[in-house]
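Next come two complexes built around chain A: one with chain B, the other with chain C.
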Partner chain A sequence: MEYILHLAILVGIYLILAQSCNLTIGLGRLFNLAHVASYALGGYVTALASTELEMGFERCLISSALVAGLFATLLGGIALRLAGDYFAIGTLAFASIVSSLLINWKSVTKGVLGIPGIPRPEIAGVALYDNVQFGCLLGVIVIASLVILYCVFSSPFGRVLRGQAEDQLAMMALGRDVRLINTLGFLIASVFAGVAGSMFAYYINYIDPSSFSFSEMVFLVTIVVVGSPGSFWGCIAATFFLVLLPEPMRFIELPSSILGPMRQMIHSLVLLAVVWLNRAKLFPIQREV
Partner chain B sequence: MLQVSDLHLRIGEASILNGVSFSAEAGDSIGIIGPNGSGKTTLFNCLSGFAFPVKGSVYLSGHDITHTPPYARAELGVGRVFQSFGIFREMTVMENLVVALESRAGILKTFFPWSMTSRMIRAKAKEFAAQVKLDGRLAERAGTLSGGQMRLLEIVRALAFGAEVFLLDEPTAGVSPKMKDEVAALINHVQKLGKTTLIIEHDINFVQSFSKRVLVLDQGRVILDDSPENVRKNELLREIYFGK
Partner chain C sequence: MDIVPQLLVNAAITGSIYALVAVGFSLTYGVLKILNFAHGHLMMTGAYLFYFFTVEMALSVPMAALATCLASITMALIALVIFVNPFDRYSPMLPLVTTLALATILESCISMIFGVNVRSLESGSSAESYQIGSIFITPLQLVIIGTALMFLVSIAFLMHSTSFGRRVRAMSERLAAAQAIAINSPAMKGVVFTLGTIFSVYAGIMIGYETNLQPTMGHGYTMKALAAMILGGLGNLWGTILGCYTISVLENFAVGLDFGQYSLPAGYKDAFAYFIILMVLLIRPEGLLSFRRRMA
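Coming up: the complex of A and B.
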């Protein structure tokens, strides 16, 4: 039962993280490789605020979302001036800066040793040490996040984001400031990545930079691509499928040194297969005037 | 309404526009012709904000829009119809029109699909689709339409957006002869609504059927600005197309 609950919590965290990633990479076709950096910032803000500043759950959660949102605004303001492949490289550079800070700013982040002792959230004076209680809290946050994201996906804003992905020139000719729309898309996605990071830190009670590596970004891209970029329900199905896919391997008697890399290999092979099969239609190419 | 003065534009070492000047009053219909590379599409890019001149100015209804970005020009009433079909192929026909109508209504008013504004927008979108006989295909992806239907959708979408100045870049490119008549009928309709239309075309006969005035561009300059009849008779036109 504890194991199933653990998987449910992981799926819940990834539902928020992947769906927010789907907003930029999937719906907006903006290859933001710094999404995992927003997730990391969310996690570290909660870790530091709850351990060093002894801030409560609500304030930690909001601070994580705000810091991640601020990061996205900065990222959007600079990287969105770059187009296409250059944009992806620009976001990769941002992700690398955040990763370096987490490893090397030891006085704050404690480097590769990470931050231990993150307390469980406390709601109305009750600490949610029990995973069932924590799962219920997470469930509420996941449902609220998905409802908000669904509204964004199906709103005029979502339509503009989808339209500019296909033809930015035509969208500008219809009076839409594409850069502003994309920055807003970034902001919303990053805020939810921050929320996911915060909940991750609260659940694991300990974070270090290895939880936010580039392979985590590859995993998010795999979910978005497998679920069909921009598809809200596809992303949900893909999150369940890919988070749970490697789990049966736990029951095979293999050393952990093999099991760990195999999880990443399975995800990468799934990504490769889906990209290969859908190579003609996954990502549209922008035309020129 | 539209005042273009001494536009110069360079791309690298090449001078694309070399002092283009003309003006258009509200409701004017102007044809723009010229050989390939004469600067016709670049001129449209300067008018719609997708390119910025190094010298010269563009005024629209008294506003200096020379360095205004494309989305802000669109809000002022500049509508662009692209040579290479600027429709959203992955969206439905309905969504293509809704995007244009929502653009004027504001995001907050249209955020919820069940709001009064959203329902009114959908009803209006159906009316615009009916104008080009696409009301039976509202739920289909725009990418499944024929070239002519895509062009009709793009023009009617600019109309739905509320453009006052239509920049039509080769509206019959990639359109079958049968559909060409329907595109022509829609452009006539746009003109009857009092909109200003600037049409780039290679076919002088097609231009003549719409335009009271024709500008002939060659090497980034306006070399003729006259009635279609006079332009047809002018020897210069023959020279730039067929040589001396």
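Coming up: the complex of A and C.
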């Protein structure tokens, strides 16, 4: 039972993370390889604010979201000038700088040792040490985030984001400020990544740079691509599918040194298969008329 | 300032390794017009194959080199046929995704087979080092610098004095025009991709002798090659090689020199390359040595 709850919490965190990633990589076709950096920033802000500054749950969550949002504004301002694969390279360089800071800025992030002892959130004076209670809190946050993101996806703003992915010039000709729209999309995605990072830090109680490595970014790309980029429900289904897919392997007696790489390998094979099948209409988007 | 000559020598060593890695990366971008995010992982896999042949199969070094060479050619062709060729005519973004998948697959395979701990290729003579003035250098490091120069000279010959090189340069200049004058582009792509992989595998083996091998080492070297290529201009081979040595000098001096309270901890060495990528993309996106404008 504890194990199922753990899986549910994991799926919940990834639902926020993957859906916000879907907003940029999927809907906007902005190949943002710095999404995990926003996630990491959210996690570290919560970890530092709750251990060093002893801030409460709400303030930690909000400051995580704010810092991730600031990061996105900075990144968007710099990287959105670039097009196509240059954009991917720029965001990747940004993400690498962030992860290098997490490892090397030892006086703040404690380097590879990570930050232990993050307290569980406290709501109205009750600390949620129990995973069931924490799961309920996370459930509320996940549903709220998904509802907001659904509204973004189906709003006029979402349509403009989708439109500029298909034909940027046409969108500009319609009088839309594409740069502004993209930056806003970035900002929203990054804020939710920050929220996901905050919840991750609260759940695991411990945070270190290895949770935010580049393979995590590849995993997010896998989820978005498998769920058909830009599709809200597809992304949710893909999150369930891909997070739960390697779990049956736990019941085969395999050493943990095999288990981690095996999980990554299965994900990459799924990614390759899905890209292979959809290669004609993934990038650039081709409408089925 | 007596540390400066030693830093220059160190920069020459790492720069040579970066150059060997980046040659393949740049040639692949020039001819196939894709960013091969698995380049460093192909290098890592090749180096592990060499480790397997020398240490675990106990072959002699020439035999192991031959076996690694054949295995690397096979590996490169398989990677090309499965992960690049089906995709690159649709969009340059697709190979970006599939080479990410290839990178992860290679890394997880190697860590499943050899474990995640560091492995070292044994070199008997690594303990002794020559001293010239205030510079210390080991025979292996001399070999690295020497062979890298040799390889670069042979590439220069290949690219600028043979019909193969002319065809490669024609393809990276304008693919459609090259195909129109009957250059067999699929075959050329295969040869270039394989050649690049072999160069980087050689670099990987040298890294294995000089320091050690680790399944996670690939990504860092891909990023170094990427930074060098951005610095020198995309697909511009000589710019990229110059970029490699520039990055190597910059990062060695940034970390090695003592700036008092502003001196950088050694851990930031890698971040330097990422910073260079960002700066070049912002200030001169077409690369320092490129004179053609491009859409940004």
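Following the convention adopted for this analysis, the second predicted complex is superposed on the first by the 284 of 289 C-alpha atoms of A that agree within 3 Å, B and C clash if a C-alpha of one lies under 4 Å from a C-alpha of the other, contacts with A are read in each partner's own complex, and residues count from 1 in each chain.
What we mean here is this: a contact is a pair of C-beta atoms (placed from the backbone, for glycine too) under 8 Å apart; a residue touches a chain by one contact, two chains touch by 3 or more.
On a predicted model such as this, the values are computed, not experimentally measured, just so you know.
J.: For the three-chain model obtained by superposing on chain A, do chain B and chain C clash or fit?
T.: In the superposition, chain B and chain C stay clear of each other.
J.: Going by the contact rule set out at the top, does A:L169 touch chain B (first), chain C (second), both, or neither?
T.: first
J.: With both complexes overlaid on chain A, does A:S215 touch chain B (first), chain C (second), both or neither?
T.: After superposition on chain A, A:S215 lies in contact with chain C alone.
J.: Look at A:A88 in the shared chain and tell me whether it touches chain B only, chain C only, both, or neither; answer first, second, both or neither.
T.: second
J.: Just chain B (first), just chain C (second), both, or neither: which does A:V178 touch?
T.: A:V178: touches chain B, not chain C.
J.: Looking at chain A, does chain B or chain C touch a larger number of its residues?
T.: Here the partner covering more residues of chain A is C.
J.: In whole Å, how close do chain B and chain C get at the C-alpha level once superposed?
T.: In this superposition, no C-alpha atom of chain B lies closer than 8 Å to one of chain C.
J.: Once the complexes are superposed, what residues of chain A are shared between the chain B interface and the chain C interface?
T.: 284
J.: Using the touch definition from the top, list the residues of chain A that touch chain B in their complex.
T.: On the chain A side, the touching residues are 151, 154-157, 159-160, 162-163, 166-167, 169-178, 284, 287, 289.
J.: Can you name the residues of chain C that touch chain A in the complex?
T.: So the residues of chain C in touch with chain A come to 35, 82-83, 86-87, 90-94, 96-98, 100-105, 107-109, 111-112, 115-116, 219, 223, 226-227, 230, 265, 267-268, 270-271, 274-275, 277-278, 281-282, 285, 295-296.
J.: Which of the residues in chain A end up touching chain C in this complex?
T.: Touch residues, chain A against chain C: 31, 78, 81-86, 88-90, 92-94, 96-97, 100-101, 103-104, 214-215, 218, 221-222, 225, 257-258, 260-262, 264-265, 267-269, 271-272, 275-276, 279-280, 282-284.
J.: Going by the contact rule set out above, which residues of chain B touch chain A in the complex?
T.: So the residues of chain B touching chain A come out as 41, 45, 48-51, 69-72, 74-75, 79-80, 82, 84, 86-91, 95, 98-100, 102-104, 107, 110-113, 157-158, 161.
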